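Below are two complexes that have subunit A in common, paired first with subunit B and then with subunit C.
For the complex of A and B:
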């Protein structure tokens, strides 16, 4: 499928960048738990999961670089704050453990829905990568589903913190399925096998009963997320951007 | 977590057919988390084909030296059996048959 017209190729580039940035930024946020997670075992687990996400981001940036003739490292580290395309869900700081778990739960389920659909993508390299990523994400889903239940059934405080985090993150979590420029072209070409709004509905069907089962309130379902779901940026993300670009930007042309 | 944590011993198999070897232990409050942590500590680098995760308190320990290291010669219980090399040499000498070394050539 090398005969993509320019508009479709640009749309595909937007999709790859959105997915890569989701994984990349979340990987950096949660790597902040290294050294301070609740227990040593979880410290290793959370760090390892974060590394997995950076690994997935790398694979996606490389696909993008192949498509556009760019360089994966430059794409990853060489953009200004407003050049990133992660969903607004990843705009928030790590905050407390319940907040990080809530975000993970919402994101892992959204990512699973997205990858399941993309496994049938007409763009073979993306379909193949989606299949590989799904296998690693299986464990992520299990792990954060487990933590959601633990905190929900733990103490009054853990339940309250978790419920508050779900409430706060809910609107921005919808933005994982915010419309992309050229989405209709991607659907027509079979690159995106289903519209993002279909995926969002499937995600809601999946997370809502899990929240209910954990005695957590399911917030009201918002309308279709706005087109700015992947362009709004926050001071918290600007700070993280300064952190993760610090080394790469210290000597721009260095060979590492 | 904390007071309710248990210790779980983790055994790993490096390749299909290999014996299960003790890898180490993890601390976790229940089976589910124990399984996740065992995976992180003893399987995340794709170094294991299979893991066994066993609560330490389910393991029966036997370390009584009277049972395991009794103070008599027990060499006859080893699979190698009796040392018969010298008896064999003596028998061959009597029969005039070739020495072991020659036979091996």
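For the complex of A and C:
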């Protein structure tokens, strides 16, 4: 599929960038738990999950670089704060454990819905990568489903913190499915097999009963997320950006 | 080096079978099942290119670059072709079912439980419970999963209630 017209290619680049940035930024946030998670097993687990996400981001940035003739490292580390396209869900600092678990639960389910659909993408390199990533993401899904139940059924405090985190993150979680420029072209070309709004509905059908089963409130379902769901940035993200670009920007054109 | 394409390709496979996995050196790259294929093709400008298709076990596996480099160096030494290319491939997903019987035995001997066989229909949906593992030391099935995540992306941590040993298992994926 090398005969993409310019508009469709630009739209595909937006999709790849959105997915890569989701994985990249969340991978960096949660890597902060290495060494300070509540239990030793979680130091290992969060580190491993974060390494998976950064690896997925790398593979997606490489697909993007092949498509646009760019360089994956430059795309990953060479953009200003407002050049990133992760969903608003990834704008928040890691905060406490309940907050990080709530975000992972919401995100892993959204990512699963997205990858399942993209496994049938007409853009073969993306379909192949989605098939491979799904197998790894299954472990994340199981792990964070378990943690959601563990905190929900733990103490009054863990339940309260988790419920508050879900409530706070809920509107920004919708932004994983925020409309993309050129989305209609991607759907028409079969690159995005289903519209993002269809995927959001599927995600809601999946997370809502799990929240109810864990005796957590299901917040009201917001309207379709706005187009700014992937462009709004926060001071917290600006701080993280300074951290993850520090090495790359300290020595431009360095080679490893 | 002279010889037919088939003979040279089998020399390549033999060389690859001598390269250990960088993270679990007990097993070779061929037994790990990460080599999808080997091909020798003539180049338009003369000479030939040897292409090796390498399948990452995990997308984010940091050992992939080491594997790539080791394969490139080893095959360049063989002087079978004027060019050697090692290409990453996701054309089909690497699955832990690709580990050969010899590879499974090598894992077990070095204290890693081989992965549970998952079958070709596995897509991510069917792993609804975390896998069980057989203790590589005493063969007991009386084991518990301590952590589905371990020191590398492809490993999980278990404990055997019979011989009271912690051990690692290769994750089914």
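Odds and ends about this structure:
Following the convention adopted for this analysis, the second predicted complex is superposed on the first by the 256 of 256 C-alpha atoms of A that agree within 3 Å, B and C clash if a C-alpha of one lies under 4 Å from a C-alpha of the other, contacts with A are read in each partner's own complex, and residues count from 1 in each chain.
Going forward, a contact is a pair of C-beta atoms (placed from the backbone, for glycine too) under 8 Å apart; a residue touches a chain by one contact, two chains touch by 3 or more.
Predicted, not measured: the structure shown is a model, and the values here were computed from it.
After superposition onto subunit A, partners subunit B and subunit C are found to clash with each other. Among subunit B and subunit C, the chain that touches a larger number of residues in subunit A is C.
Within the superposed three-chain model, A:135 lies in touch with subunit C and out of touch with subunit B [touch as defined at top].
In the superposition on chain A, A:143 makes contact with both subunit B and subunit C.
Within the superposed three-chain model, A:38 lies in touch with subunit B and out of touch with subunit C [touch as defined at top]. Contacts of A:220 after superposition: neither subunit B nor subunit C is touched. Contact with subunit C, but none with subunit B, is seen for A:56 once the two complexes are overlaid on the shared chain.
Using the contact criterion defined above for the overlaid structures, shared-chain residue A:48 touches subunit B and also reaches subunit C. Residue overlap on subunit A between its contacts with subunit B in one complex and with subunit C in the other: 41, 44-45, 48, 139, 142-143.
Considering their complex, residues 56, 58-62, 90-95, 122-125, 127-128, 130, 146-151, 153, 157, 171, 173 of subunit C touch subunit A. On the side of subunit B, the complex with subunit A involves touching residues 1, 5, 26-28, 32-33, 36-37, 39-41, 44. By the touch criterion stated above, subunit A contacts subunit C in their complex at residues 41, 44-45, 47-49, 51-56, 58-59, 112, 115-116, 119, 125, 128-129, 131-139, 142-143. Against subunit B, the residues of subunit A that register as touching in their complex are 38-42, 44-45, 48, 139, 142-143, 146.
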